[in-house]
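In what comes next, chain A is part of two complexes: it sits with chain B in the first one and with chain C in the second one.
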Partner chain A sequence: MRLRRIGVPADVAGRRLLADRDGWVVNCLFYLIVSGVLSALWRAAAGDGDIAGYSAAALTWYIVTAEAATCALSIRLIEEVGDEIGSGAVAVEMLRPVPVIVVRLVAEVGRGVARLATLLGPGVALAWLVVGPPPSAAGAVLAVPALVLALAANLCLQHAMAAAAFWLRDTRAMWFLYQKLVFILGGMLLPLEVLPDVLRDVAMVLPFMTMAYVPARLAAGHVEPVLLLVQVGWLVVLAAAAALAFARGQQRLQVVGG
Partner chain B sequence: MSTRTTAVLRSAFADAAARRSAFWTQIAAMIVNDVAWVAFWLIFFNRVSSVRGWDADRVLLLFAVLTTSAGLVLGLLSNCRRIPTLVEDGSLDEVLALPVAPLPHLLVRRVDTVNLGDVAFGVVLFAVSGHPTGQRLLVFVAGSLASAVLLTGFLVLTGSLVFVNGGGRAGDLGLHSVLLLASYPADVFTGATKALLYTAVPAAFVSAVPARLIDDFTVSDALMLLGAACLFATLGWAAFTAGLRRYTSGSSWGRG
Partner chain C sequence: MGAPARDAGPAIEAVGVTKRFRGASGRAVDAVHDLTLEVAHGERLAFIGPNGAGKSTSIKMLTGILHPTAGEARVLGFVPWRERRALAERTGTLFGQRSQLWFELSPRQSLRMLAAIYGMDRGAEQRRVAQLGELLDAVDLFDVPVRDLSLGQRMRCELAACLLHEPHILFLDEPTIGLDLLAKRRFRELLVTLNEAGGTTVFLTSHDVADIEHVAQRVAVISAGRLIYDDTVPAMRRTMLSTKLVDVGLERPATPLALDGVSVVAQSDSDVQLSVDMARTSIRVVLASVLDAWSVSDISVVDPPLEQVIAEIYSERRR
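So, the complex of A and B:
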């Protein structure tokens, strides 16, 4: 019964997103433009050969998947959550009988999965149209749960970072830096194998790789189910970090007036 | 620029700079953002020596032009991206009540410090990687200014669609599309997409054409850039002026 109640924010957030048709259509168009641009760049670079073990077709599927994983979330989420903490608006959520972080994460996952559903169809159509079917059907199937895990891990880390607002009050510049880490160390713009050796080794042990690289590598035809276990491991760590940061931060929160 | 417009711009800049710690934090954040893009291109060209005639040097030149011109537009003329919001929430009424030309006043009324970091970055990037000489510097400055004029016109044009369709989504999509497409060499694209970059979404003129001019100046390219800048500036002005004729106040005083 309680579990069902916890699922309500996800359901409501997902339905709200789908009801805003103009919003998700524009988001979808933007996703297609980004994916089209980046895949054109990588296809031009790869030509008939391959780059770091990825053919032009694999790179196209990689980009379409990596972009879906990141475009499914609000780019400025850290700033939005940080603003609500900094302004004290989060205090209202503390009145609920469920921890603030749980409600927030569940709602954001609901919104993210709904947005992902709107992106995947056009994204798959784009890649299929340009380079044909995915390099491996098994890889493509594994990429679906990996995308959901990628969203969840990304949301947990963004909330853990946004919780800094309990101490700093302002996290506005932080989303910029976070976004760039996901861009490069997360493999959103390029497969991690393309990075110089040292940087690649560093990226492989950081959580950002779970947020774009893992689902994208699977979709690009590298059938490596162990990557899903890596995602689950990081998800547990990041969820614990977000919960701890919020629990500590809420004890410090003081709201005057309102 | 008229004295009144300059005075408004000066006060908008003073207002932004008054919040000193936020000012520097935001500028630093934008510079880090730009450094990440440069890192991406360096990593990319470390693997691939060149793509359709574009190598690391030329792409950094493209990026220098883009950050300079986009920084000028989104920093000093920041309201050009907010026209839909200003129209929807009725903030336009305050400008219409003043005895000044509405568009120039509106454009200079707000300064976004975060984008001024882009301008600083673009200039430094050109100085470091653009092999500056007297002629190259001149073309860089002129090309960036032409690009800024074109970008302003395009953003005003797409933002003014709010007068017709009543929503700001087209303006948002226009802004993000043109900046995104301008971040990559236009020659990566082929066929209809490439044609689009030289026409409806003029991203090629925002960055690729000025960068090409710096490396390899031709009168025909220069005239084409100048023509495109004039065309989009005129279209933006015309769309905003035509939109004002359709405008009815959306301010909170007039509602309900």
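So, the complex of A and C:
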């Protein structure tokens, strides 16, 4: 029964994605363009050598994976969730016998995984065509669960931040800052090893690294299963933060009128 | 029926419930003030009031969405704001202005999602959805994407979503808002059928006087956050709802009409609005007299606006 409580919302979320075909096509095109341009830049920079231990081929697989991890989620989710809280639309979800945050996260992970699957097909084809197979089959296999964990961690932190709308009037600007943090400190644009030492050390102890860097590094041929444990650890912390923020926030909900 | 009530007390019991909001200027406003109310199991209560009276805020406190500033309440034995999720397994709530269906999906897919959330297995879900399809005459609607349904059709599907887990209490917040006359009538008949067939308690908010007459057994009126009237519908009909308005379209200007209990509210060469006190003269007599005396192009009988009913309640209380 509990499995059904998780499986059906995730499945329905996937169906919602399929119903939005236009959005999916645009997202897919955006992903391919960004992945193509960024990986070409990194290949040009690496040439025949490597950058911080990444060959040109590894960098291509890195970018394709890191971009998939972030493009699979709505870019302005914090704003969307914040608006639903601010407008009181979240009240409808509070009428159900399960925590709001659980249904939301399950549904969003379901949607994210469905979107991820549709992105990875063209992404893998692109990388394979340009630089051949991934540097390590084991790394590529480990990257799959790491991508799902990356989505989950990203969604938990976005919901924890969006819950600020229970206290603040406007949280719309927050998504912009968040996005930039994932870009740089999450390793979406470049491997964290490329950053200056201090910045890299800071990035390595922040949760953003679980959201793009970890699956991308695995896909780039670094077979380091311990990275999955790091993701799981952060996921537990971020899920607890999101659950706590929603539980506290719901007690402060202000909905005036119907 | 779904999960049982916790105790044998009333379905709904509220004592001194107050909700204070702080506006943008920092000024505190009581959206609901000192609400004390009891609803028996199987009762149909219309909780009415004009826009901004505190109806929705009351429902949100009774369903546990909002925490009150003061007061106590129990719904099916549960304190709503402390035991919201346990209560949600036993109640169904419909907000007329907020959908609980997913617009990209068909109602059947939304119902599948809700059934999973309510912990129903696939077999129970399919049986219940088939049963609700028959009851709400919505079998054909369940496979149409929600975004393609008319408002009336969608409301029937929303009601199915509320009823999926066989709740003991239905909280309906302005469910008829925006519906056309036919859809309103159909929806009201459905609520009565549900109540009579399954004993479901109905707590209905509305600012439409007709909802009282066609659905409720009892009516509570809230105005500016305060409960100002609480009585049976027959009692209210005798006192407050004995007035009807008759709108008459004229082909020629009307001559004066002398009938006991009938007064002219507004008059022009082409229209007259009459107020009829049905305790003194029946509508049948008034219509016959009007059709006999005047050259009528159009005629309709309507309820007085809720604001007028509330004004009468206030004037009754002052007497």
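One rule holds in what follows: the second predicted complex is superposed on the first by the 255 of 258 C-alpha atoms of A that agree within 3 Å, B and C clash if a C-alpha of one lies under 4 Å from a C-alpha of the other, contacts with A are read in each partner's own complex, and residues count from 1 in each chain.
The rule is short, and it goes like this: a contact is a pair of C-beta atoms (placed from the backbone, for glycine too) under 8 Å apart; a residue touches a chain by one contact, two chains touch by 3 or more.
This is a predicted model, so every value here is computed, not measured.
Undergrad: When the two structures are overlaid on chain A, which partner does A:P122 contact: first (chain B), second (chain C), both, or neither?
TA: Touch partners of A:P122: none, neither chain B nor chain C.
Undergrad: With both complexes superposed on chain A, which partner does A:G36 reach: first (chain B), second (chain C), both or neither?
TA: first
Undergrad: Determine, under the contact definition given at the top, whether A:A89 touches first (chain B), second (chain C), both, or neither.
TA: A:A89 contacts chain C only, not chain B.
Undergrad: Once chain A of both complexes is superposed, is A:R16 in touch with chain B (first), chain C (second), both, or neither?
TA: Only chain C is touched by A:R16; chain B is not.
Undergrad: After the superposition on A, what does A:P145 contact: first (chain B), second (chain C), both or neither?
TA: neither
Undergrad: For A:A52 in the superposed arrangement: first (chain B), second (chain C), both or neither?
TA: First partner only, chain B.
Undergrad: Contacts for A:F176 in the overlay, against chain B (first) and chain C (second): which applies, first, second, both or neither?
TA: A:F176 contacts chain B only, not chain C.
Undergrad: Starting from the residues of chain A touching chain B, keep only those that also touch chain C in the other complex, and list them.
TA: Looking at chain A, the two contact sets are disjoint.
Undergrad: If we count contacts the way the header does, which residues on chain C are in touch with chain A in the complex?
TA: Residue positions touching the partner: 21, 31, 51-52, 55-57, 60, 63-67, 81, 84-86, 88-89, 93, 95-100, 102, 104-105, 109-110, 112-119, 121-122, 145, 173-174, 177.
Undergrad: Which residues of chain B touch chain A in their complex?
TA: Within the complex, chain B touches chain A at residues 22, 25-26, 28-30, 32-33, 36, 39-40, 43-44, 46-48, 51-52, 167, 169, 172-173, 176-177, 180-181, 184, 188-189, 193.
Undergrad: Taking the complex as given, what residues does chain A use to touch chain C?
TA: 1, 4-5, 7-9, 12, 15-16, 19-20, 89, 91-92, 94-99, 103, 251, 253-258
Undergrad: Flag every residue of chain A that touches chain B in the complex, lowest number first.
TA: My answer: residues 22-23, 26, 29-30, 33-34, 36-37, 40-41, 44-45, 51-52, 170, 172-173, 176-177, 179-180, 183-184, 189-190, 194-196, 199.
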